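My questions all concern the structure below.
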Amino acid sequence: MQRHHPVRTIHDSLKASGVSRRDFVTFCGKLMVAAPFGLSITSFLSPEAVAQEVGKARKPSVIWLHMQDCTGCTETLLRTSQPDLASLLFDVISLDYHETVMAASGKDAELALHDAMTANDGKYVLVVEGSIPTKDNGAYLKIAGRNGIDMLTEVAARSAAVIAMGSCASWGGIPSSNVNPTGATGVDSIVKNKPVVNLPGCPPNPYVLLATILEYASTGKPPKLDAKGRPLFAYDRTIHEHCPRRAHFDAGRFAAQFGDDGHRSGWCLYKLGCKGPITHAPCSTRHFNEVVDAWPIGIGHPCVGCTEKETAFTIPIHTTASITRPTPPDQYPTIVTEREGISPLATATAGLVGGALIGAGVMFARSAGSQSSEE
Amino acid sequence: METDRRSLFKTLAVAATLTVIPTTAQARERRIAPTDAVGLLYDTTRCIGCKACVVACKEANGLTADVDGYGGGLYDAPESLNEYTKTVIQLYRDDSAGEYSFVKKQCMHCVDPACVGACMLGALNKGAFGVVGYDSSKCVGCRYCEVACPFNVPTFQWSKRSSKIVKCELCRHRLVEGKEPACSEVCPRGAVRFGRYDDLLADARARLAAEPDRYVQRIYGERELGGTQVLYVSHVPFENLGFRFDDEQSVPHTQQTVQHGVYQGFVAPLALYGILGAVMFRNRRARKTDEETQ
Amino acid sequence: MSSDAVPVGGTLLTRGYKALLALGVVGIVVILWRFAVGLGTSTALSDGYPLGLWIALDVVTGTALACGGYAVALLVYIFNRGKYHPLVRPAILTSALGYTMAGASVAIDLGRPWIMWKIPLYFWSWNLNSALLEVALCIMAYVTVLWIELAPALLSRYEHTGPQRVQRLARRILPILDRALIWIIALGMLLPTMHQSSLGSMMLLAGPRLHPLWNTPFLPLFFLMTCLAMGYAMVVFESTLSSSAFRRRGETSMLLILQRVAVGLGAAFVIFRFADLAYRGRLPMIATLDLFGIMFWLETILWLLPAAMMLIARTANPGVLFAGAMSVALGGAFYRFDTFLVAFQPGAGWHYFPSVPEMVVSIGLIALEIALYIAVVRRFPILAGKASPAH
């Protein structure tokens, strides 16, 4: 990790590390996939242009706190199939404190946190992973004698922005399910005076995190958020609206059991309990581990709705989602079906024939009448 | 000749009256569903328009794909009931009112079916469990059933050289095997439910009572057109879903009251025949007498 | 029941006749094509409009226009007006041909016509509630009766001429027919009463989809009244045409009476219809001039026009009679077309207008019917009356 170095641009950092420009441009391409619209750093027409823009930004300092977590959100960031990206990562962000990957431990770790906060006071991005227990005065999470609530409050106070990474940090996640014995809660219940961006997911897509951080670094502002504090560029749509298996849903082709013909044919998993219709998440178009189709539905398991508080770890995985207001497709059979119209040729023919017959009749009547008057 | 004409007019008037003016005296009894009647209950609030029922129906009944219309020659995308499609889902959508609903269309399996009343040799018949079935061996393809059905259900195989009628028969070939109809079996939301008619009616009533704000307070098919064994509950008015009629009298009622009034026991036609024959006989005898005396 | 009818004779294959045959042949070719390609391709019929031109025109209107035999039989045999007897044979011939053509049209219109034989034979399957079954059985019986009624006219030609075997057959059958004729003719009046009224009650089964201006429990009565009127009108129509075509003196005085009956029946029908509308509370609808209102008034005017014409033209004028007969026939045709097609409302989105092949088939069948009529009238003793002075 880079400590005590003067803050410099990402471009400079990459240059100093000797990372190839090609790898960086590839990385920027992945950012564009993660945020196809709604983000200023990716609103360019090519990865090169994005690379240009991102390269100009100052390398952001990131402090990463772990609360009641499983470290999955860290893993998702580190789980890449391209070793180059792992090294690239530390040229794009300055990960100044991270309990899992840093070398220090014990008192050295405490010191590292303190130094990181001091060196980047007011400028660092705080990423929080895991929920914060609040019951019994937060006694269920203590690090070096301090409980999670206090730790979070203190670190957040001196941050520029806070990102709640993962469902646990966003709304409480697994620890908060059912009876919630520890009173687990999300970051935005505790941090009130800083902008908090929620990135729910279990885990969320790492590129969404990176895009959010880099947006901060580049523009100094968070991306546009929805009512639940989630960035719109990733969470504005449900899985269902973007699902590659949607055509099967629309055509009524459902897998009824794991391993049956429908399942093997890649049919819709709705009947197996897929929560796609009620889950806002970017997974259907941004897969994991940089492997195509490496996401739940892609490998044949229904979405469990891990981003949504009302769904994940609450509604059983194989219970079908209740869709109360399905959005009908644009093309759908209507109540009144317009049928073939009337052929103008037919009407013309009928008119001609009918008219001719009636005309002939009238003429005959006239001649018959005049004949008899002659007799 | 004078007496002839007067008495003739009288007898003919009586005969004509007998034969054509409807008798109101014997109105036809209102039919009720058989005790073992089965049916469907369709709930628009649960339907998500996935068309699994359409697909399953086609598979269970061996129907071919319907690629005309917006299927663009590639997709099986039926827009309405036709010779390839025994059930279809349609969408009612009113963007200005902000409301929409899916609706499933298929044979209503009426308690007093118009099509059964129409069919000359009983190819369409109300059979076991009150299901309206079709036996093509007795069908000449006259399409009178299509004239009769108020729901536009029976469809004709226009594309074939030998054309039969095609319509939902509630998968009676599966019912005899103890299975339920394909559509209700596959429905992922339980929007279309199969069961005994009495149970379905009770269920529908319970749903309306439990959530009065969610549903229009009417079960379509409970009384309309004599009652149907396929029942509908909905969150939008039924007219918007294409259900045009709310008259409680069954379609065959009027026509059969008229018909029976005339042909009861074939008395009137036989009587008329007798009168015609008798009159002609008398006329011929009178004419022969005239000729003889001349 | 002998008659002084004689074959008209003369050249059969005139230019006009050949034109009729040509039309007929084209019609038959199209019929064969219809069986090759199916009803979907050859007609404009659809699930919304399953009955079309072939039923509304050829069958429903065609049989009504062919009610001349029925109408004249009533006059001659029940009302004992023997002086109209010369009109019986041509009327029966028209009826026989008309009903045969209607039967052919039904066979062409059916989806599976080879099952037709089951209709009269499978009595255990009969649905006695079906108006169409009644119509089908009755028409099948009536066609048979009509040809039997016509048999004396056809056979009498062979009584003393022609091949020996045929002569013997004719001489054996004719007396049997003569004795049985009362009961056959009585059937020939009973059957049309039944099926013409049933044709009306057929459309009652369209129920709420039949427009209120036509939907009345009195449909059977109205169909019966109009078919009788049309029968008389068609006798006037054809008699006038025949007289002109075959250069015979017209029987104007007789036709005048027939036309009066037709006009009277028509006026009664119109009055009954208005009364029925008032009784059912539907009278205000006639003021709305939508398609239905316009067709209603068209029918009414066509039915009342002959009465007006006859009142205006004081003398018996064949032209006036002919025009009046045409008006009655058209009024009746429109009434039936409207009942079966226009007033039938299958719902939004459906349209129907006969396709050109449908029209070609109907025209072809009518042309064949006319051609057969002419052929029979020329070769068999059908028409009575004298030739008119040299023209």
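When the chains are written out, they are named A, B and C in that same order, and each has its own residue count from 1.
One rule holds for everything that comes next: a residue touches a chain if its C-beta (ideal position, glycine included) is under 8 Å from a C-beta of that chain, and two chains touch if they have at least 3 such contacts.
Predicted, not measured: the structure shown is a model, and the values here were computed from it.
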- Query: Looking at A-C and B-C, which pair shares more C-beta contacts?
  - Reply: B-C
- Most central chain, judged by mean Cα position vs. mean of all protein Cα atoms, is B
- Tell me, please, which chain's centre (mean of its C-alpha atoms) is farthest from the centre of chain C? A
- Query: Hey, how far is the Cα centre of chain A from the one of chain B, in Å?
  - Reply: 51
- Query: Centre to centre, by mean C-alpha position, how many angstrom separate chain A and chain C?
  - Reply: 75
- Query: Approximately how many whole Å separate the CA-defined centres of chain B and chain C?
  - Reply: 31
- Indicate the residues of chain B shared as contacts by at least two other chains. 242
- Query: Where does chain C touch two or more other chains at once, residue-wise?
  - Reply: 46, 48, 347
- Message: I need the residues of chain A touching at least two other chains; which ones are they?
- Response: 336-337
- Message: Taking the touch rule as given, give the residues of chain A at its contact with chain C in the complex, in rising order.
- Response: 336-343, 345-347, 349-350, 353, 358, 361-362, 364-373
- Write out the stretch or stretches of chain C touching chain B in their complex. 35-41, 45-48, 50-51, 77-80, 82, 109-113, 115-116, 118-119, 122, 125-134, 136, 182-183, 185-187, 189-190, 193-194, 197-198, 201-209, 217-221, 224, 344, 346-347
- Within the complex, chain C is touched by chain B residues 1, 4-5, 8, 12, 16, 19-22, 81-82, 114, 116-122, 137-144, 146-148, 150, 152, 154-164, 225, 242, 244-245, 247, 251-252, 254-260, 262-263, 269, 272-273, 276-277, 279-281, 283-284, 286-287
- Item | chain A-facing residues of chain B, complex | 45, 48-56, 69-70, 75-80, 88-93, 100, 102-103, 186, 188-189, 240-242
- State the interface residues of chain C toward chain A in the complex, per the touch definition above. 44, 46, 48, 240-241, 244, 250, 252, 317-320, 322-323, 326, 330, 347-356, 359, 363
